[in-house]
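One structure is given below, encoded as structure tokens.
We just call them A, B and C in the order they show up, numbering each chain from 1.
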Amino acid sequence: MAGLELLSEQGFRIDGRKPSELRRIRCKLGVFNQADGSAYIEQGNTKVLAAVYGPHEIRGSRSKILHDRVLVNCQYSMATFSTGERKRRPRGDRKSKEMTMHLQQTFNAAILTNLHPRSQIDIFVEVLQSDGGNYCASVNAATLALIDAGIPMKDYVCACAASYVSDTPIVDINYLEESSGGAELIVATLPKSEQIVFLEQNSRLHEDNLGPVLDLAVKGCKDIHAVLDQAVKDHVAEATAGSSIE
Amino acid sequence: MADDSRLARPLEYYRKFIQNDVRPDERSLEEFRPTVLNIGCIGTAEGSALVKLGTTSVICGVKAEIAAPKTESPKKGYIVPNVELGPMCCSTFRPGPPGDQAQYLSVFTNQVIQHSKCLDLEELCILPGKYVWTLYCDMVCLNYDGNVGDACVLALLTALQNTYLPTVTWNEDSECLETSDSTKIRLNVHSQPVSSTFSIFDNHILLVDPTKEEEDLSTGQLTVVTADEAICLVKKPGGSPLNDRQLAECINRAFSRSKEVVRLIHETLNSVER
Amino acid sequence: MEKKSFKARYNEEDRYYDNKGYSSVDYNYTGPFLPDVNKMAAPMICVPGQRLCPDNEKVTAGRGTYSRNGFVYSSLAGYLQTAHSEDGKNIIEVIRDGDENVVPSVDAIVTARITNVSPRFCKCSIIKVGKTDLKDSFRGMIRREDVRATEKDKVEMAKSFRPGDIVMARVISLGDSQSYLLSTAENELGVVIATSEAGVTMVPVSWCKMKCPKTRLEEHRKVAKVQARFIEYSGSGP
């Protein structure tokens, strides 16, 4: 993008972060009572809610039933007021459909699906405010919601995006950095076992640079994992403290 | 057998509580759930509010767009309320196009805006006959635990009071619109509509602010919308009949609720601005 | 020997862990296995993906855990709990606080509401598994031959259940894709709550009849002989 300096001469990004610095993460588990599990996450200005229902009976067409494992059903939706320009369709457009599929595939890899055969788990994600990294925030929120719902998982799933700007890899990119036309690498990992479950790369990126960018994204996932882990532990401890008082 | 359990026999379970003038959540029959307001939580919207009525949560975001007015009313802007009850907020809602209840609530909120005259649509005019503002008010229910109608009206009203529009002027020379984001004008809200919903239990007992469970068990519903000192809308869609004394009781309660809510909004707006 | 083979596997398949060490238990810990967390003041909080201990013949991965690459990992966020099984193994479990999500499993006792009765079977919705309330009901079905254990061919469905009855039943199989198959062919299973035609809760008078306290009329049901261990006092009534 012409005239817009994504990385200043001093090595700072538009929002004042260092190249390897994440945006501030705030998260909370168990925000709603109707859903079996729910979570809210803020990554910088991106705000996402996730709710998990299940495992329950298969809904809709019974032909979707899987006899050996659980059906993971996702819905990604963006509130009409979440973007600068009003969104006409909160879901059902191609971008949302793609996102829905990606979420589904990501969580199929992390949930121990064989424990609840012939049932269904719903993961609903609602983006309330979008400032880049929607997929990442959605994955992180959904992970927390799944943990809150007590759905057995192999590991956390943490996602992080990275880009490459003026010979420097940058992590956890925001909307401006995302839309500047540079390379974008999105990774979702199982941080404890260091396995990559999802990887997507857009735009041109030189082969030599893939390594550093990927490393940085994976490192970002780990940093996010540390934050989420603390939130989960706090939540578990808090729940126990609450129940022992009662 | 001491098994009037909540799941197996909800009606019997509830009756035991109602006999003692209390509800399972420890509220009295004419008590609203604690109401929490959070304003300006969505940065991408012109105005926004999050309302929690007990555990029922509704978020409302107002987006403004410039549109051409209708020829018969060249000065009038538009206001388009829309209520969304997605599968996220409750397991009874299915993915897909908006259900009956969501559409009913969209119409209801639209009626509230129109009948309470809380907005003067002519104030949304930029250039008569050419450009006016359209305010899209999207209310998304995040957690459905009954009485979403009241929560939606409250979220809408608070979001509108928190809406700031950029100043737009018509530049005669270049014949185009000029916006300046630096000076924003607050939307003028002329009246404060507040909705209060009552559900009828066992054909004669009135419960204020029903939870989802109470809505499911109810034999009828009554909604009273007040705007400042006046009644602006009363809806009683069928169900058990009520006598005029009960109706008067409801209206009284609606007015006292209205005072509470207006004070709450006032306090919230003040605390944020300071 | 045991120790060595572990180390070999560890290096081979899980080498990422090299310099991180163990979060809870050392892999070459050879003494009496695992600290007794039940006795500790603050039980250890586990999170999904957390390595708990090596998976060998001394331990069994219980609820809330899974084993992979020779280690037991947690799959839930909760507390670590160990128990001793009869054959001397340590059962490692991660227990969650609060309500758990359950799905009916074979042999579980469930509570269901009858929705539909036909001459060959009746349909019901399962509202409770064991003592856990379900947020969402599951569909179940009781076939004519599963109503009682004796004189199966003389069973009349209409004289056993009515729509609206609350029954206790045992899951006998996951059934077809439509519903779980349930059975009431035990003395303790069958109708526990039923409403008479006059709208009053009936009292059981025999294993096949219930009486309305208002009209004194008797109605046929497959009545459960309710035992103390199945009754759960909610204790929340005023």
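Everything that follows uses one rule, which is that contacts are C-beta pairs under 8 Å (C-beta built on N, C-alpha and C of every residue); 3 or more make two chains touch, one makes a residue touch a chain.
This one's a predicted model, so the numbers in the text were calculated from it and none came from an experiment.
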item	value
Which of A-B and B-C has more C-beta contact pairs	A-B
Chain occupying the middle, per Cα centroid	A
Relative to chain B, chain with the most remote C-alpha centre	C
Inter-centroid spacing, chain B versus chain A (mean Cα positions, whole Å)	31
Interchain centroid distance [CA atoms averaged], chain B/chain C, Å	42
Overlap residues in chain C, where contacts from two or more other chains coincide	135-136
For chain B, residues contacting two or more additional chains	91
Residues of chain A whose C-beta touches two or more other chains	53, 56
For the chain C and chain A complex, residues of the former touching the latter	14, 16, 45, 47-51, 64, 66, 68, 73, 75-79, 96-98, 100-101, 103, 135-139, 174, 177-178
Residues of chain A defined as touching chain B within the complex	31-35, 38, 45, 47, 49, 51, 53, 56, 59-60, 75, 77, 79-84, 86, 90, 122, 124, 126, 128-130
Residue numbers on chain B that touch chain C, as the complex places them	1-9, 12-13, 16-17, 20, 22, 24, 91
Chain A - residues contacting chain C, complex	36, 53-57, 62, 65, 67, 112, 116-119, 147, 149-156, 190-194, 229, 232-233, 235-237, 239-240, 243
Parts of chain C lying in touch with chain B, wherever the complex brings them together	111, 113, 127-128, 133-136, 166, 192-193, 201, 226, 231-234, 236-238
